[in-house]
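Worksheet: the structure to be examined is printed underneath.
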Amino acid sequence: MENKLTHTDENGQAKMVQVTDKAITRRCAGAEGYILITEDIAHAIRENTLKKGDVFSVARIAGIMAVKKTSDLIPLCHPLMVTGIQVDFALFGAGEKYDVPAIRAVCRVEMEGKTGVEMEALTGVNVSLLTIYDMCKALSKEMVMTDIRLLEKSGGKSGDYHI
Amino acid sequence: MENKLTHTDENGQAKMVQVTDKAITRRCAGAEGYILITEDIAHAIRENTLKKGDVFSVARIAGIMAVKKTSDLIPLCHPLMVTGIQVDFALFGAGEKYDVPAIRAVCRVEMEGKTGVEMEALTGVNVSLLTIYDMCKALSKEMVMTDIRLLEKSGGKSGDYHI
Amino acid sequence: MENKLTHTDENGQAKMVQVTDKAITRRCAGAEGYILITEDIAHAIRENTLKKGDVFSVARIAGIMAVKKTSDLIPLCHPLMVTGIQVDFALFGAGEKYDVPAIRAVCRVEMEGKTGVEMEALTGVNVSLLTIYDMCKALSKEMVMTDIRLLEKSGGKSGDYHI
Amino acid sequence: MENKLTHTDENGQAKMVQVTDKAITRRCAGAEGYILITEDIAHAIRENTLKKGDVFSVARIAGIMAVKKTSDLIPLCHPLMVTGIQVDFALFGAGEKYDVPAIRAVCRVEMEGKTGVEMEALTGVNVSLLTIYDMCKALSKEMVMTDIRLLEKSGGKSGDYHI
Amino acid sequence: MENKLTHTDENGQAKMVQVTDKAITRRCAGAEGYILITEDIAHAIRENTLKKGDVFSVARIAGIMAVKKTSDLIPLCHPLMVTGIQVDFALFGAGEKYDVPAIRAVCRVEMEGKTGVEMEALTGVNVSLLTIYDMCKALSKEMVMTDIRLLEKSGGKSGDYHI
Amino acid sequence: MENKLTHTDENGQAKMVQVTDKAITRRCAGAEGYILITEDIAHAIRENTLKKGDVFSVARIAGIMAVKKTSDLIPLCHPLMVTGIQVDFALFGAGEKYDVPAIRAVCRVEMEGKTGVEMEALTGVNVSLLTIYDMCKALSKEMVMTDIRLLEKSGGKSGDYHI
């Protein structure tokens, strides 16, 4: 197999991949993930959403701020200056997406730069879901974060990617 | 329903829950999660593991450092002084846990304090998995982080919890 | 004058004041501040508040998260583990508090510890106001943050303080 | 009214405004603010200034470092790479600017980039004033941070701004 | 040899050592280090010190703030709430300590807690020296940071330590 | 002497040097440093290195992550977006480099930008050495970090530099 784990050098040691000579291009990435919740939590969020929407507001801000911290969290990520972040949520009833109620988080990130923003989009999704877990865990700890993955990316030499 | 989302006040506004008067007790929490990978990635990690184990080393450090950043990532989490963190990984072949190869991350956290460390353990798992994704994404972007959940917690008024 | 600037030593050099031997007591502090805004901004916030309340939601989260960063921002502040944070806003029409419309931010912080949480409460107010400025500045840059001060503190050897 | 709060989308949800396609231009901003102090504090600072100037030194460093943290503090601010920061202070006696003694903080920031640096300049002023408060609060808590505003900005499509 | 590297488990994997059950005792540590400089730099610092002392002021603040960041920098360090930090400098002429002029940095840290503060004191010294390097490097890059070591520690089961 | 400390203005006050108008060029820097260790520590690291190499793995990640935090640690450093980081270690027996066993850390950083990356490379070395100290200090505290210096830099108006 000729593939290589690009973040390790010939001796298997970690390094931050050199991208100094890469071209600056427009980069976009979108990622999604779900958190499975209980009926009680779905009910409480729905009520709250109708009034103030605060669970999603807090999770949205947490996701946006986490995108900006990506290179501080993921050891070999390059520091980037993202130029756009959007985080959206949708609440699904039992049977719609999963057997139990679920919340979908989607994070889209864009930038002009030398490396992609996939990790930024995925980090936004992960921290948004963690924040939902935190805000709802007094009702039940039986939540599961699941099916977190890249939806699409564009820009860069490796080309576009879509599910 | 009498349950309440504890992080929002009577007007649905976010606040950091007051725990000033809670007793200091010993708190432990463990969480787990999986990342589904391709055969190529499993092979590359296995080879690398036998030699240097670096993918897991980097992901382990990332998880441990993320545990310490939990209250900086999750808006309404209390700052805590954790006193023990352990992150472990296991690589499963196709058919063992899932149809495809998968890596399991487990994070255990402990502390003496006024609030639980569930979010710390879950954050450790999430960032470990994100780091594995980052280190392997040059081989394939078809990885999925999944089934991330609390395994157990002990300490505190709400009692113990086990799956 | 016998008063001393406690953060500088006998040679006028900065140091973090030693509080190792101070007793651990319950500490509370509240601070307030205002941002003067235009009629257009007041109108836009009011409309938005009736619908989603997002300007205040974002500013509230920013204030809460900033409280937790206080010792990272203010060089000689001790690191603390706050156990409760609340941030509230009120919108006043022209003539109510000031000649122009204004938003009042109040931040209350509590903790059991060796030093007070005044700086934490003030930092929460400051960053909340900065966030309101940021979210509204496309409408007008003629906003002024003003009258930011401590409302009250309790706990500690220096005794309670109220305006 | 056609004005819009640019940081919220059509549903009133927060997002980081997309600036990917904006031109890179030279951006400058200056902001100012005051902290009202007591005669005792003014005296102590003056004495200290004559000798070592440390109160202002610490506040200056705090302001400069805070400018670099702006996008970590203000949720919807873009991460930027500022290329120049200057923070200056002036001490006014009672009756000069206000009835009581006051310190003026001015922060100027510059950069080549896609968005303005107003929030950076204002954050520098706010954290400088908070630091002065922290260093002097053992003498009196009757300090007030006030009249914090943008002085000027240049660069960008929205044009220049001066008070 | 029965000694063990305490930060690695039986399989050689990194973990944060569990200190949950350790007693809380008063901990102190002091560390020192030197930066060798040129005559030109020594002269410039001396002149500046006589006037404003700013090189040392900035390095002192940098050292104090770095102490508070230790657990964010050193992967397996426990988060701690230090209760006192002091950073001092002394300038030596050529021939006094080394053949060339040198600056000595000393950092003392104290706390009541479950682990020692040696890493905090050493981190304070390191970042103070780095800051001196940064502020003087326009004059010459032939500076060397050297002889950085622990001076003393007290508290904890392993007993006191003095050079 | 006409040289000036570039980080202080005409009054000796600290500022972040203005580099807005500097050209963007390719910048590289390498730095090195040593930590003197005991025979016991050298033995333990060697054994561990042969098996898992974890001490160096952790120190390498710590160094890489610290490079990305440089402008947050060194008050007057410009925020930069580095595009490549490499950290390497070598273990020397007693008598090879020093009378006692020693570990050499080398950090190389590169970027396209307006200022050099010397401080980034030196910070990477310092934090790598601190991490080695932390991981080995249970065996002996008689370690010394020494001879930390710039090896080379290229790019920028001031020209190249080599030892």
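Labels for the chains are A, B, C, D, E and F, by order of writing; each one numbers its residues from 1.
Definition applied: a contact is a pair of C-beta atoms (placed from the backbone, for glycine too) under 8 Å apart; a residue touches a chain by one contact, two chains touch by 3 or more.
Given the structure is predicted, the values throughout are model-derived calculations rather than measurements.
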item	value
Chain pair among D-E, C-D or B-E whose interface repeats that of B-F, sharing over half of the contact pairs by residue number	D-E
Whole-Å gap between the CA centroids of subunit B and subunit C	32
Length of the line joining the C-alpha centres of subunit A and subunit E, rounded to whole Å	38
In subunit D, residues with contacts to at least two other chains	13-14, 52, 54, 57-58, 61-62, 65, 69, 72, 75-76, 80-81
Topology of the chain contact graph, where touching chains are joined (line, ring, star, complete, other)	other
Every chain pair in contact, whichever chains are involved	A-B, A-C, A-D, A-F, B-C, B-E, B-F, C-D, C-E, D-E, D-F, E-F
Residue ranges of subunit E touching subunit B (in the complex, touch as defined)	9, 13-20, 22, 71-72, 75-76, 78-81, 114
Subunit B residues touching subunit E - in the complex, by the definition given at the top	26, 56-57, 60-61, 64-65, 67-69, 80-88, 110-112
Footprint of subunit F on subunit E - complex, ascending	1, 3-8, 11-14, 33, 40, 43-45, 48, 51-52, 54-55, 57-58, 61-62, 65-66, 69, 72-77, 118-119, 122-123, 126-127, 130-131, 133-139, 141-150, 153, 161
Subunit D partner contacts - residues on subunit E that touch it in the complex	52-54, 57-58, 61-62, 65
